[in-house]
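Some structures are shown below for you to check.
Note that subunit A is present in both complexes that follow, paired respectively with subunit B and with subunit C.
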Partner chain A sequence: MTRAAWHVATVAEVRDETPTARRLTLEVPTWPGNEAGAHLDLRLTAPDGYQATRSYSIASSGDGTRVVLAVAEVPEGEVSPFLVHDLRAGDQLEVHGPLGAYFVWRPGGAAAGAEASPLRPVQLIGAGSGVVPLVAMAAAHDEGADATPFRLLYSVRTPADVFFADELRAFAEAPAPTRLGLDLVYTRDAPAGAARPPGRLTPDLVAELAWPVEQRPRIFICGPTPFVEAVAGWLVAAGHAPEAIRTERFGGA
Partner chain B sequence: MQHVDGNALAGDLADLFGVDLTAMIASCAHCGARGPVAGLVVFRTAMGSVGRCAHCDAVLVVVVEHEGRARASLGGLRALEAAPVQ
Partner chain C sequence: MSFITRGFSGRSRDRDERLPPGQTLVEDWPVLSAGPTPDVSTDEWRFEVRTESGRHEWSWDEMQALGVEDVTVDIHCVTHWSKLGMAWRGVPLDRIFEEVETSHDYVMAHSYGGYTTNVPLDELLDGQAWIAFEADGEPLDPEHGGPARLLVPHLYFWKSAKWIRGLVTMPTDDPGFWEQNGYHLHGDPWTEERYW
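Here is the complex of A and B:
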């Protein structure tokens, strides 16, 4: 486990991720690397000394000093509007990390806290920007050519709101042993030819699109608090072991 | 205010303890419920964070920062156990 510390990060690149979110690539010379699913605390300090700290999941993992975030704007928020609208390449930020030993996936079947069992498949379930740590896990799985069966169920408002759309498509088109099973559920607008009309996730849809109970999947769920609690409750009611379900709630939608 | 969960305590607790506590198993001194620190119900404000038992709502952990120094009150915790074997 890498010890967390405060680091000075320089913004290397900013780009639009969706109409309401931005991808931030940070260069952190002292970064010790991070596990897939980890997060960091980002601290902003105003000229009068007022500080605000927020947690953001990391979309990248492994060694190296580049750290990728994708930040959704929370209207009326104190921190995210600055990150989404005002931050520029070359700006500096304070970050604390890597953080989180719980909501991480480790290649080779040794999921944090679960018994080593490479054959247990992994089910990722995310909503909105909650997909960010799951992207890190899917990327680590893809880059490591890990044979653990992986599926991602991603609830998102419209096709334009999909985070890391190109990356997810590439993972889903990888050669068979490492291919990501990708199911997008659009809640507001579905593209032409979508598998189903737009609508929110339901217990039946989760049961249809997630690994079945008999396969004892390890499950990671990340999203707004109400989403995570609803989906985790459905999975337990369907017979999945509570210990097999790891959750990360980020608050409001 | 919408709550988050104990994953959000990772940074504040790492500042104090030097390790990540979120995968450890906490037991509630009030109701005895056991679960990962990451599963606590957490409310975060500019003043600090409060972590409550997901089962009975008792306050387990309060972390605040004053003049650049962190302080944690852990009076609601009966025990912390190492994370389950990986």
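Here is the complex of A and C:
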């Protein structure tokens, strides 16, 4: 694993990701690359030396020096409102990473630390901005033309709240062996022609849309704590092995 | 070497001295776990200590009978949040090790669900660590490690293993779960021992 270190980053591009989130593309000349699903610490320093550090998942992976984040605004937050509203191209900040060697997917069919078993499919399950590390995995799968069967179940409030909508659509339209199975579940407003009316995920819906137990999928779940708690619990109750399920949570319980 | 990020002023200038470097105060209680939350009842819960010379085991009631303490401590998560002045209730590890002989200097904590973390034995003794089962006056929720978790508040909170089921002493400081996945072998928040 690459040893994590502090790096100076320059903001290369900012763009709206959703009405409440912004995509930040950072140029980090000394970045050693990162695995799909890794995260970093981002540090801001004020003129009087005051510093604030937060952790963010990385939406990109591989050897390049471009690092893509998608930051959702936490109302009343100290760092995310600055990143979402004030940061602009050319600004500099510091990042520490890459971090995390567990919630990562490595091309070739094996989750980190697991034996290679190319036939086990991968099920990604995300809610809201929790899709960010899963997008990195789906992108690595797509770019590597990896034949591991991949599905993403994405719970999101409305069509406008979908992170990386164009990228996900492109992965879902890729040629067959690497195509991403994409299921969007809208909790508040569904677009015309959606597969089902808006509503929260249920155990039945997860059972319907995720790889079945018999296929022994590797499962990555990321989202707010109550979402991850609920979905991971349903999957274990349905017979999925707890050790096949990797989780990343944010927020309190 | 740090430099200024244009336009950033931040907020909390009155920094609480109980807050280690790089930490931010939270009022809620974030949850971090690598996998699903195990469901362990106090009836089936057992705690064991294994050493080079043998094995000791306690049931839930036997653990409580060792002597329960109330403590108020600060906790610090490596993901940059801290909670200050939390009330906890649990059995100090000193009571457990009164019944255990070992020449080993380290332990691996093992959890229901398979999690592990390594800690030097002398950092678990002298009132520094507990088997905790209540926080802020309530039984520990499963997502926070209930029915019982290790509480080692002077180290980053990943060392305070949720769903604790035992300790295995060891002669060398072998890495546990997060320690194998990039996190520091020791984890002192005051010197920011976060990562390798």
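Details
Keep in mind that, in the parts below, the second predicted complex is superposed on the first by the 251 of 253 C-alpha atoms of A that agree within 3 Å, B and C clash if a C-alpha of one lies under 4 Å from a C-alpha of the other, contacts with A are read in each partner's own complex, and residues count from 1 in each chain.
As a convention for this text, a residue touches a chain if its C-beta (ideal position, glycine included) is under 8 Å from a C-beta of that chain, and two chains touch if they have at least 3 such contacts.
Remember, predicted model here, so these are calculated numbers, not experimental data.
Shared-chain residue A:Ala46: touches subunit C; no touch with subunit B. By the touch criterion defined above, A:Glu214 reaches neither subunit B nor subunit C. In the superposition on chain A, no contact is made by A:Asp63 with either subunit B or subunit C.
The larger set of touched subunit A residues comes from C, when the choice is between subunit B and subunit C. In the superposition on chain A, A:Arg3 contacts both subunit B and subunit C. When the shared chain is aligned, subunit C comes close enough to touch A:Glu94, but subunit B does not. In the superposition on chain A, A:Phe82 contacts subunit C only, with no contact to subunit B. Of the two partner chains placed around the shared chain by superposition, subunit B and subunit C are both touched by A:Thr247.
Once chain A of one complex is fitted onto chain A of the other, the partner contacts of A:Val236 are limited to subunit C, with no touch recorded for subunit B. Residues 1, 3-4, 41, 52-53, 55, 96, 99-103, 112-113, 225, 246-247, 249-252 of subunit A lie in contact with subunit B in one complex and with subunit C in the other. Contact residues of subunit C toward subunit A in the complex are 2-13, 22, 24, 26, 28-38, 79-80, 113-114, 141, 143-144, 177-178, 180-182, 195-196. Taken together, the subunit B residues at the contact with subunit A in this complex read 2-8, 10-11, 14-15, 18-20, 22-23, 36-39, 46, 83-86. If you check the complex, the residues on subunit A that touch subunit B are 1, 3-4, 39-41, 52-53, 55, 96-97, 99-103, 106, 110-116, 224-225, 246-252.
Subunit A contributes residues 1, 3-4, 8, 41, 43-47, 49-55, 78, 82, 86-87, 91-94, 96, 99-103, 112-113, 225, 229, 232-233, 235-236, 242-243, 245-247, 249-253 to its touches with subunit C in the complex.
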